[in-house]
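Chain nomenclature is as follows: A, B, C and D, assigned in order of appearance, with residue numbering initiated at 1 for each chain independently.
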Amino acid sequence: MELTKKMNVGVIGLGAMGLPMAKNLLRKGFEVTVFDARNEPIQTLEKLGAKIGHSPKEVGLQSRIVLMSLPSSKEVEKVVAAEDGLAHNMKKGGVIVDTSTIDPAVSRRLADECEKMGLHMIDAPVSGGTTGAEKGTLSIMVGGDRYTVKRCKGVLQAVGRNIYHVGDVGAGQVFKIINNMLVAINLIGVSEALVLAMRAGVDPKLLYNVVKTSSGNSWALEQKLPVMIKNNFKLGFRVWLQHKDLALAMSLASQLGASLPMASLAYQLYEATKAIGLEDLDHSAVVKVLQHLSGISSARAAE
Amino acid sequence: MELTKKMNVGVIGLGAMGLPMAKNLLRKGFEVTVFDARNEPIQTLEKLGAKIGHSPKEVGLQSRIVLMSLPSSKEVEKVVAAEDGLAHNMKKGGVIVDTSTIDPAVSRRLADECEKMGLHMIDAPVSGGTTGAEKGTLSIMVGGDRYTVKRCKGVLQAVGRNIYHVGDVGAGQVFKIINNMLVAINLIGVSEALVLAMRAGVDPKLLYNVVKTSSGNSWALEQKLPVMIKNNFKLGFRVWLQHKDLALAMSLASQLGASLPMASLAYQLYEATKAIGLEDLDHSAVVKVLQHLSGISSARAAE
Amino acid sequence: MELTKKMNVGVIGLGAMGLPMAKNLLRKGFEVTVFDARNEPIQTLEKLGAKIGHSPKEVGLQSRIVLMSLPSSKEVEKVVAAEDGLAHNMKKGGVIVDTSTIDPAVSRRLADECEKMGLHMIDAPVSGGTTGAEKGTLSIMVGGDRYTVKRCKGVLQAVGRNIYHVGDVGAGQVFKIINNMLVAINLIGVSEALVLAMRAGVDPKLLYNVVKTSSGNSWALEQKLPVMIKNNFKLGFRVWLQHKDLALAMSLASQLGASLPMASLAYQLYEATKAIGLEDLDHSAVVKVLQHLSGISSARAAE
Amino acid sequence: MELTKKMNVGVIGLGAMGLPMAKNLLRKGFEVTVFDARNEPIQTLEKLGAKIGHSPKEVGLQSRIVLMSLPSSKEVEKVVAAEDGLAHNMKKGGVIVDTSTIDPAVSRRLADECEKMGLHMIDAPVSGGTTGAEKGTLSIMVGGDRYTVKRCKGVLQAVGRNIYHVGDVGAGQVFKIINNMLVAINLIGVSEALVLAMRAGVDPKLLYNVVKTSSGNSWALEQKLPVMIKNNFKLGFRVWLQHKDLALAMSLASQLGASLPMASLAYQLYEATKAIGLEDLDHSAVVKVLQHLSGISSARAAE
């Protein structure tokens, strides 16, 4: 039976993605109970009609389904498996939908623990950025058993547009990790293209116009080459998140015995982007590392 | 004054790209004189109304404009600058349009030599593959002075759809080289994504469907992931050409003092693709090198 | 007070390194109690005068100092921290000397747990291979407080020759991991040198003789280029151990925010060496991956 | 017949290597005629008894054997093959000994041209730095036919200590290029080791002492880690020369179809070292690029 709007939906983690997702659930008529360590997003949501849960436990007690949007495996593990977490406090038959991007092995382990408690957990990492979260147009890559995923359909459709059921628990993470690994590689490719163009005296805007309609095109080029040209990296998907997702890709590759020389180089270049202090910029800021390596100063880059 | 259809157009180099370009010129009503070292394409074109030139010299003597489509700098240099080549034999005011992808420094040098003989040479490398050449929908990146490029407009529009005038002589090559460098990087990214997916037990077709609508998308993924999945690399842009274009990119980077770690890794992986005997396959065959590195045999890949 | 020969020394883990270390302790007059999951090395040592401990607990109960030589963090953690492990069963004041190469963070955590139980733990990873272990000429990189390290001096000198006290707990691991990261990079350098020499038709033995006395020399070249030339990789430090140590290096770099592009490439090439089934060969077998990438078959390599 | 001291020896190129080589020839009793574009080294040598040649031609006319020490293929080509160069002006039977490091294909081509003029040319690149040149203790890697090499024995022994006859013309270059490629890789390995050590709070001097006696050792570590620790890169083999030799290695690999991922990464990192303005420092200054990538400032590095 699908989890309908009459049932209360919990949302834990009200950051750049979790907050707009909670808003969309409210807008679509769900009863929503929310929790976050910070007060600010809670107050925002209370004004929009959300109930306040003062702990994961409280949210769990009041919800048939709980959506999580958390930064990393560590937080997910705590919210789900701690003594005062969801697994020990939700009623049997409840469902946890984890939209965080984390290690698929952790997703599988936590789902197993939930099963033992009579609960269900699916992984549903999202793609589309804060804009997608606000507009409710996220792509969602869902891993879980067919029945549970079906029960969550209404909730997922309230926050996203393209819902892909890609396999059992953990599969959503694998797809998300692979997708984000590809973005990183493509972004570094675009960075090197820009560096070569600058060194050759080519107008970067012309480069953008030409390659956009040619075989070198990619989402990374279309969306992020203009950002690199403007040299303004304030918005978007942050460097430290891109770095984290690459770490997950390398860890997955290592577990599976895959040798990925190019992804591995991408990871080291994002490590450098973090190390030189750009971790809170948009992930396209990796171009600054490549520019440094070719002796192009930021000042010159900003012209 | 634009070079009109009444003027004879020469075509030298009737390979996978040159032959369909010559056909399109005939179809659009140009008088065409052709030359190639091989008989077969010449006979094909004769039946369609082309005149035969028995040497670059003969083509040059009969043409106001000569289009070249040759494999590398060496052949272009010979056809243009040899004693019996175009520079010594075309009438003053004639134009050479080089659609080959070669070192931009060679383009510039040959254009200088042509100027001294009262001729004009522009570089106009093309993108879009054999399909684009056949349909006349190629993208063309043109480098040359404004006046000469304008004179060639009719001829360029007969073989391509998007005509970009990107700068002075050599600039067309720079754009083409950067574009093709990007394709190679993106293709290797897609290869590593496929390897990781296979190792993780993910259905590659599902990966294709999901990433195609996500931020990991690229021309390389859309056009070539299906080829990799089918494990059939017979058609398309050959490995040795991709390798040659990467060599041009690395050489350009070296001349300009650009450090390109990822492009350089891509070049080495294409070197490996050639070295293991795949040089005549489609450039997406680089996936086989990546599969080998992760212990995935071709047989398994072909399943 | 130094732990003298009259005190019983335990040895847990009797593999390629642990077995000869136990033999050396017996030879030097220590009373030795041993444990391993396999029977064979235990019987060998019993004949030489060792007592048998049937579990880590039994070894711990009978020993003032216990030497461990185990494959990875997981086994070390179990032997030290499990209910029937050393921490819960050794008498207060006892010392654990871990000669395994593991994550320094694990070393530090276990040492902390030991302190709480009134025990001391130091890390003492070794370098020098099975030959060094047999001859008692190992280099040992010791991390721990000055007093505890001093107490272990006699035991360490019984199994090694160069004893370096390099810092607090965990520092031994850091030194070992950095050293082994360097070996891997140098070995791949030697592999690429050999590949280039073979392609250039150069006699590899002559290459060896010349570079050995030139600035390109390294331990890796002196010790392992002859192995690569003979194409016989049966003995020595195994690929999977080299791979494991590189994984520790990458993990350490990641924890500390270091960007190591070359070490990271080395790791991927060792991943490939494992993936193509060479994990039990000597670590110089990485040359086979590099030879494959240049189209040199093993058969040809073996000539 | 060996070329004895009574015969005049020419030296062309009196830089950091050529000047001390000329001095050693004078010291050993050879009659020496010298040429360089700059006045200073010529005056120095005149005081020591050298004759002055005012052009390569003059040196060639007066010498049975001419030693060259020039920066790159371009200069060697000019001095040998130009109208007023050695090939057109030396007497038949004369010998050219090229101690420069250049493209082996150029060495072979020039040697062929010399043969046609009745002359002989061998390549004899040297290793050992300015110190080795001054002390006459250079290692020399000689390529040429047995008879010609034998004739040059006396001259080579006057400037070097280890004389390796490694094959036909060009082979000396191949050995030198491979050796210098190895140094670069090993230096970057040492740089990454230092970066990881600094991030881990390890004392770099202790790292040096320990690894020097372990399997991670190399000439690069022994000679250059102390330089990196002192952060003083004023003396030694310059970055731009190391970069040039890596370019030769990559070009050779490309000609021969060898895929060298690690050497290629090393080349890009030296490209970066040049690009950030360090081209005149010692080649160990590549560490500064690696330090930047891990967020370690030079100031901190200098502590």
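We take it that a residue touches a chain if its C-beta (ideal position, glycine included) is under 8 Å from a C-beta of that chain, and two chains touch if they have at least 3 such contacts.
These figures come from a predicted structure and were not determined experimentally.
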For chain C and chain D, chains touching each | A, B
Chain pair with more C-beta contacts, A-C versus A-B | A-B
Hey, how far is the Cα centre of chain A from the one of chain D, in Å?
-> 53
Whole-Å gap between the CA centroids of chain A and chain C = 39
Going through chain A residue by residue, note those that touch at least 2 other chains and give them in order.
-> 253, 257-261, 265, 268-269, 271-272, 274-275, 293-295
Could you pull out which chain D residues touch chain A in their complex?
-> 261, 268, 271-272, 274-277, 289, 292-295
Would you mind writing out the residues of chain B in touch with chain A in their complex?
-> 127-129, 139, 141, 162, 164, 166-167, 171, 174-175, 178-183, 185-186, 188-190, 192-193, 195-197, 199-200, 202-203, 206-207, 209-211, 213-221, 223, 249, 252-253, 256-263, 265-266, 269, 290, 293-295
Where on chain A is chain C touching in the complex?
-> 247, 250, 253-254, 257-261, 264-265, 267-269, 271-272, 274-275
